[in-house]
Structure formats: structure tokens, C-alpha cells
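Same chain, two partners: chain A is paired with chain B first, then with chain C.
This part shows the complex of A and B:
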């Protein structure tokens, strides 16, 4: 059996298919750098999401093969075949194997890259199943389209229809079950929604079966199985749609738990579970900075937290970590993140008001630049606003300390109306 | 054995076969007719590729097997070019549910019959026209089918190759029921013991060639007379 499958694979010029698919896969996986490498969820989503581009290509290949095999199937293979369903599968085997191989290799590569970063979120590979089933559905689609057309025309048609479906899937309509991607996993406080994964899987399998029925009706006039298979596809589709109706279609949902892990002694730094790859680095830098700045009499909150995606349950008396979601699990915090964090000792709703509190924002800006210059006095290099540097050089230290203490205090208590940049001495 | 009982088939408004009945026993039967007479439609109905609009078609095995094996050589063939001859034959044997234990011998027999054994590892795309034709017939023989349907097996061949194919067809197993269509009277004369003549979708004559012996009339003359009479 395996030998026959491999023989059939060889008829589809697998090297060319694999090269083409690999090129597309590499473009997708490496576009925008490797931001996913600090997080399992993001990595798996990225790997499965690559099928957005590789899926239509696989459909095109399947359509091309179906067109090429058509004469042989109609004339020689199918009439005397007793394994008719397997016979009609012949053109689909090559593209499916090539697509699956590239998908597996791409996925394994990104998983290995991510493993090096020691991510701390849960390893939940369900999303990878969706990527595979999407490939299967696209192969079936191409197989059905190409079986009735010339190879090149079939391939181009399947490619256009495939990418058309990608566009349709980007909306919230009936084709949204073909969409993969959009998760930032624990950064966004998301968990895998297993119901939605199941629903999408059922819908993808139903689509593949529907295409297979279309192909089978072309090559076989045995009608006994068709009602059963159509009924199976419809049952799967209805089952999937019912689950979507009840549980939602998005394969990610807000995590039920927003627990955090904390580090630090004088000041605690807390990050969401699954997002703690750089927690030690954050804790040590915050602690060092707080130690330096405390000499000016500044009173920092005892705790800084990574904000949860939902405002509910946010404690206004704790500081808020200022971080870049794209690098939070892959790179230690930079200096700007540290001073922005320290100058945000509380989560003040006033900053998100319709009319922005310009005075308070300017005061916080000055405070963060003052902190930067205090913590890293020798760095200079244009990272600190020259106006703030000028003020620091012209103003006595005691006067500076007095202003920063008052400003930090008002930020902690969210007394934004009292905030203003210092008056030049 | 193959039996057609009042078989009727049409493609939209075109009547391809009209009320055709016959019963074939082991041996070679010729199916003679002009282009468009309905020969290929009859073949495709016999192999199960088409379903008759009316009537019944029955294929039975001489061994009594509930699943008679059918071999089919279509008029025009295209093969997956990247497969070798052996791989393709093996694949066909598998699709025809020939038991694994028999597959190797079945494939070797077919290759040997068509004198393609030495080319068994050659890719199908690099075979010459004559070899492709021999292969097309040989593939239909894999697993010693109960019913062998040969649709214009000498089409497109030069005279020398046609003679070679005829010689090969003479060596087909005696216990198989073989229906060979052709519009070339000399092919039928050379191979068949019985001839069905189709004209405009109707079976106009069913004659054993022994009936013509001693009449001084050739099959060609008989065929032309029959067609003129039917018209």
C-alpha cells in the first residue's frame, strides 16, 4: 500500500511541488521576523496560518493533477477498478502528501525555534490539526475543480477560487471557518476554544467530503454510497454549524484564568502565567532602577503587573508594566520600557479620557525622561529629551527631587489635574 | 459471459443504442460498425462506465465468482507518464482487487504477453505508439478477466504493428469472453468467430463466421450488404 502511494506521489513531480510550497511556507513563516518564537500558542497559530497561502497553492496543484489524470482515470483505471473510490483518489495523493510534508516540516522548524526560547505557555497543538484539515479541504477542492478542466485552466481556476475563499474567510460570513490566525495567545489572555476547533474541523471535513462526492460522481455511476456520504457530510456540517452557533466560531477565547507569577523583593513584578519567559529580567531591571531612584525619595508601588486583557479585576493601586507585545517573550525589556513602567505607578482611567489630559501626559513624559537620565546618566545619546536634560542641568537636585516626588505621588493617586511640567528655574 | 437484454442508451437527444440484446460465451466476438454506430457506447455500458437508460446488462464469471473480473482497453488511452510500466500494472492490479499473492504473477503474465517485460521499468511517457497500444491491451488482461472488452485495439497503428497486435490477440486465453470492436473488417475476420453488426445504434445482425463459409461471400461483403439493407 505504502509503495503504491509513494509511486503515485512520484507521478505528481513532488520535487517541484515541494519547492514551490516550501518557498511559500518560508515566506509566510519568516515574514515580519520571528515574533512568534517566544510562545507556543503564537507559533502554532503562525504555522497553521501559513495554510492561508499554501492552501490555495495545494488546491492548484491538485487541480493540475486531476486534469492530467482525467483521461487515464476515465479510460483505463476506473472502468475496471473495483476499488473505485481509491482509484479516483489517485490525482489527490501527490499534492496532499507534498502539502502535508511541507506543512509538517515548516511546523517542526518553527516549533524547534520556539523550543529554544523556552516558552512558558501551555503546549496545545489543536490548532495544528485545523491547518492540516484546511490543506485536506483545499486538496479536495482542487481535485473537484480540476477533474473537469484542462490541467492549466484547472490549476489557475483552483488558485483563484482558493484565494477568493481566503478573502471571503477574512469576514464573519459563512466561510469564516476557513480562517486561521489572529491569536496572540497568552499575550492577549487567550485560550484555545476546543469547541470552535471541533466545529471548524467538522466543517472542513464536510467540505472535503462534499468535494469528494463531486469527484466520485464524475468517475462512478454507482449510486448506492452517494446518499450515505452526502448525509455524512451534511451531518458534519450541521454539527459544526450548531457548535459554532452555541460556542462561537473563534478558535481562541478569553482565558478563564488571569493568574500571574511574581518575582522581586523590594518591588514585585508580575506577569501572566504563560508569558513569563522574560520575567526574571524584568524583575531585576525594575529592582535595580527602583533602588537608584529611591535615593531621590521616590515612593514606588510595591507591585507592577502585566495588565490583563480585560480591565475587569485590574487593581488600580499597582503599577502597570509597559511592554511591547511583539517582543515580550523574546527579548528582555529595554530602557524605555523600564522608565515608562516606573512612571506608570497606577492605572488611571483619566489617561484614556475622550479629551486627553495633556498636562498630565506631558508631566509623565518629563518624569520618564528624568528617570532615564538618572538611571543611565552616561548613556545620553539623544534618547533623553534635551529640554529635560537642560532643565536637569539648570535646576538644583533638591528642586528636581521635589518635583518628581510630587509628580509620582499624583500619578499614583491619579490626581491628573494636579500634574504639570516643572516651571523653569 | 456478457448479456445485453433490450439495452437502450441515449446522450441527450441522440439515440446511441436502441433495444440491443445479445449473449456472449467464451471466445472472441467482433463488434462491427461504422463510426458512430454505437460500438464504444456498448463497450462503456458493458464495463459499467455508463448505466443503460433501459434494459439490463449482466456479466457472469465462468468460475462462479460473484465479482467477475472485467478488463477494458479503451479506444484512446492516456497514462500517467511518470510511472513505470510495472508500477502502473501493479497499481491497476491493486485497484482491481487482485489478491497480493497473485499480483506479481498477474503483472508478469501481462508484461510477458505484450513483450514488455524487458521494458517494465521504463516510464510510460517514453514508450512508443506501438508499445503504448500493446500496453493498453496488456493492462486489460491483468488478472485473467472473465470479460475482456477491446475497443478498436488496432486504432492508429501502422499495418506491421496491426499484424503484430492481431497475432498477440490470437494468443488470448480461450476461457475468457472477449468483445472486440472495430471498424476494420479484416481485424474481425482475422480474430473473431462471431460478429455483431451495429448500425445507427441497432444490432442489425449477429452471425457466426462459419455461416459465411461456403457462401463465397466475405465478411466485408456481408457487412456492406447488411448495412445497405438496414438503411
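This part shows the complex of A and C:
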């Protein structure tokens, strides 16, 4: 059996397919400076997301092989095959094996890279199953398209249809079940929605079976089997759609508990599990900055937390970490992030009000620039507002300290109406 | 009417066009024009943080048409032809390019034509570049480069979009060169026999 499968694979020019798929996989996995490093969930999501491009390619490859095999299947294989439906599978085996091999190797590589960073979140690989099933569905789709066309026409058609489905899936319509992975930010604070994973799996399998039925009906007259398989595909599709209707289609949902890991003594810095690669760097920089600023009598909150992914999960009574989601695990915080964090001692809902609190926002802006200039007096450069620097040079230190103390206290208690920049007050 | 149909069936030009996938090429080309006419100004590319100007997808579709036109369904028939088919190949490819560009110009009033021209010529060259070596398997490198470039265009600091927005003389000269070389080469070379031909 294994030998037969391998010989079928060899007939599909696996080297060129693997080279092509690898090139596409490498481009996707290595783009944007590998921001997923250090978080299992994001790493697996990114690996599954590579099927956005490899899916249409395997569809094209399957269609090409189906077109090449058509005359052989009709003339030689099918009349002599003991199991005709299995015989008609032959063209799909090569592209599926090539696609799966590249997917596995790509996934293993990114998992190894993340493992080196000692990730702290749970290893939940369900999303990887969806990536594989998407490849299976695309192979089946290409196989169905290519079985009725010349090889090159089939390949081009399957590629266009496959990519068209990817574009359609990026919306919220009926094809959204094909949107798998590809998160552009961390997934920390979210749990895998197993119902959505199950629903998508059922829909992908149903699509693959529907395509297989279309192919089998072209080559075989086993009428007794066809209604059973069609009924199975329909049952799976209805089951998947029902689960989506009841439990939602999004593969992630806000975790019931936002688990964080904390560091620091004077002020604790807490980051969501999965985003802790740079935690020590954050804690030491916040600690150093708080020590410098405390000489002005500033009372910082005892804890700064990385906020939950949605507003619903945020704790208003602690300071909020300002971070770049694209580099949360790959680069230490920069100076702007440190002062933005320190000048956000509480999560005030008023900042997200329909009418923005301009006075409070300006005061917070001044406070952060004051902090920047106080912590790094000789390194302000163009990053500190010259108006703030001018005020600092013209105003006695005691007066400055009095304003920053009052401003930080009002930010801490979310008394936004009391906030104003010093020149206006 | 009957004479016209008869001439179409037997004329060497029509026979040539038929072995060169004339109907699929027409289908893909019309589809690409419909896309140009109906698509919004931007298209959301999955896995990305920004949208891509819709017209930049069109050259990929147009290049697929060029690829199909450059591949013969009956290489043995072409190889055994008493006529020199190189002028037919060259003329059909140039005609398709000209037609594509005229329609693109008519449909796209806002987009800078040089940008689109450059991208079209590059994709056209990629489509035809592999044909002399791997015949119809040339769809593989075209697919890879088209998908990768579309992915790249969705990146916040996309090189392709940057070059398209301000095409320098190097990009223009390179695009024209690769277009001419690929078109002439594919027109004057017999593709290797492959698959059912062997």
C-alpha cells in the first residue's frame, strides 16, 4: 500500500511541487520579522494561516494532476481497478502528500523556533488540524475542477477559484469557515473555541466529500453509494452550520481567566501568559523609571498589567501596559512605551468616550513627555515635545512636581474633568 | 455565412489560435476586464494589515492569459508545420498585450498607467519565462510569484507597492527588457515535449 502511494506521489513531479510550496510557505512564515516567536497559540495560528497561499497552490496542483490523469483513468485504470472510487483518488494523492509534507515541515520549524523562546502559554494544537483539513478540502476542490479540464486550464482555473475563495473567506459571509489562522497580533488572553474548531472541521470535510462525490460520479457508476455519501456530506455541513449558529464561528474567544505572570518589586509588571518573553526587560525598565520619577513625589500604582484582548476583560484599577502587539515577544519595550505605560495608571473608560476628553488627553500627553525628559534628560532628541521642554526649563521644579503629582493622581482616579495642561491652568 | 465558418475551421491562423487555447484565453481575459471594471478601488488581501489597490491584481490575471496563449496543445503539430510559426506566436502575444493595455487604459482613469504597465510587463515576463524550459508547468513559478507578490503587497512596507507608486527609470527599463526578452524567446523557441506528447 505504502509503496503504491509513494509511486503515485513520484508520478506527480513532487520535487517541483515541493519547491513551489516551500517557497510560498517560507515567505509567509518568515514575513514581518517572525512576530509570533515566543507564543504557542500565535505560532500555530501563523503556521495554519500559511494555507491562505498554499491552499490555492495545492488546488492548482491537484487540478493539474487530475487533468493529466483523466485519459489514463478513463482508459486504463478505471476499467481494471477493483475499487473504482479509490482508483479515481490517484491524482489527488501526490498534491496532498506534497502539501502536507511542506505544511508539517513548516509547522515543525516554527514550533521549534518558538520552543527556543520558552513560551508560557498552553500548547493547544487544534488550529493546526484546521490548517491540514483546509489543504485536504483545497486538494479535493482542485481534483474536482481539474477532472473535467485540460491540465493547464484546470490548474489555472483551480488557482483562481482557490484564491477567490480565500478572498471571499476574508469577509463574514458563507465562506468564512475557510478563513483559518493568519492572526496579525498575539492571541494571549484568548482560548481556543473548540466548538468553532469542530464546526469548521465538519464544514471542511463536507466540502472535501462533496468534491469527491463530484469526481467519483464522473468515473464510477456506483449509484448505491452516492446517496449515502451525499447525505453524509450534507449532515456534516448542516451540523457545522448549526454549531456556528449556536456557538459562533470565531476560533478564539476571551479566556474566562486572564492568567498573567508578574515581575518587579516597587511596581509589578504583569503580562499575559504567552507574551512573557520580554517581561524581565519590561520590569527592569519600569523599575528604573519609577525610581527616578519617585523623587518628584509621584505615587504610581502597585501594578501595571498587559490589558486583556477585549475591553470586557480589563481591570480598571491597575495601570495599563502600552505595547506594540507586533513586537511584544520579540523586542524589549522602547522609551515611548515606558512613558506611555507610566502615564496610564488606570484604564479609564472616559478615554474611549464618544466625545474625546481633549483636556485630559493633552494633560496625559504632557505628563508622558515630562516623564521622558526627566528619565532621559540628555536623550530627548526629537521625541520630546519642545513646548513641554520649554515649560520645564522655565518653570521651577517644585511647581512642575506639583502639577505632575496632581495629574497622575487624577489619572489614577479617572477624574478626567480635573485634568488640564499646566499653561492653560 | 457557411464560407466564413469553413474558412475559420481550415485557415492556418484559426488552427494556430485553437491549439493555443484561444477560448480559455478569451475567457480569462474578459474575466480580468470584468474584474477591472467591477472591483472596488481596494481589495482586502487575507493575513494582512492593509488593503491592496485592486488594479494591481489584474496583471496576474492578464499574465495567466499570456501563459495559456504561449502554450501549445499540440506541440508535435506545431513542430511539423511547414510554415514558420514564430511570427504567429509573436503577433498573438503582442496583440493580446496591446488589447489588454487599451482596455485597461479605458477602464482605469485614476491609476497611473506607467505603474500598471510595469507590473503587467513583469508578470507577463514571469508567465512566459518558464515556458521554453518546462512548457505548461510554467504555471507553477507564475503561481508562486503571483501569490507571493500579492501577499507582499499587503505588507505595511511593501516594496512592490512602493515601486509601483514611484516607478524609477531602472524599473521601467527592466520591465521593458524582460517583457521583450520573454516574448521574443517564447515566440522563437519550440517548447519541450511533455506528458502526452512523449
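One rule holds in what follows: the second predicted complex is superposed on the first by the 404 of 425 C-alpha atoms of A that agree within 3 Å, B and C clash if a C-alpha of one lies under 4 Å from a C-alpha of the other, contacts with A are read in each partner's own complex, and residues count from 1 in each chain.
The criterion applied here is as follows: a residue touches a chain if its C-beta (ideal position, glycine included) is under 8 Å from a C-beta of that chain, and two chains touch if they have at least 3 such contacts.
Source: prediction; values computed, not measured.
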| item | value |
| --- | --- |
| Fit or clash between chain C and chain B when superposed on chain A | fit |
| First (chain B), second (chain C), both or neither touched by A:13 | both |
| Chain A as apex of chain B and chain C, Cα-centre angle in degrees (nearest 10) | 50 |
| Touched partner set for A:151, first chain B, second chain C, both or neither | second |
| Partner chain(s) touched by A:68 [first = chain B, second = chain C, both, neither] | both |
| Which superposed partner A:49 touches (first chain B, second chain C, both, neither) | second |
| Greater chain A contact set [chain C / chain B] | C |
| Chain B and chain C, minimum CA distance [Å, superposed model] | 5 |
| Those residues of chain A which chain B touches in one complex and chain C touches in the other | 13, 68, 71 |
| Complex contact set, residues of chain B against chain A | 44, 47-51, 67, 69-72, 74, 76-83, 87, 90-92, 94-97, 136, 139-140, 145 |
| Contact set on chain C toward chain A in their complex | 21, 24, 28, 43-49, 61, 64, 67-68, 71, 73, 134, 136-137, 139-141, 143-144, 147-148, 151-152, 155, 195-196 |
| Residue ranges of chain A touching chain C (in the complex, touch as defined) | 13, 16-17, 20, 23-24, 27-28, 31-32, 49, 52-53, 56-57, 60, 64, 68, 71, 150-153, 155-156, 159-160, 163, 166-167, 169-171, 179, 181-182, 184 |
| Residues on chain A engaged by chain B in the complex (per definition of touch) | 4, 7-8, 10-13, 68-69, 71-72, 74-84, 86-87, 90, 221 |
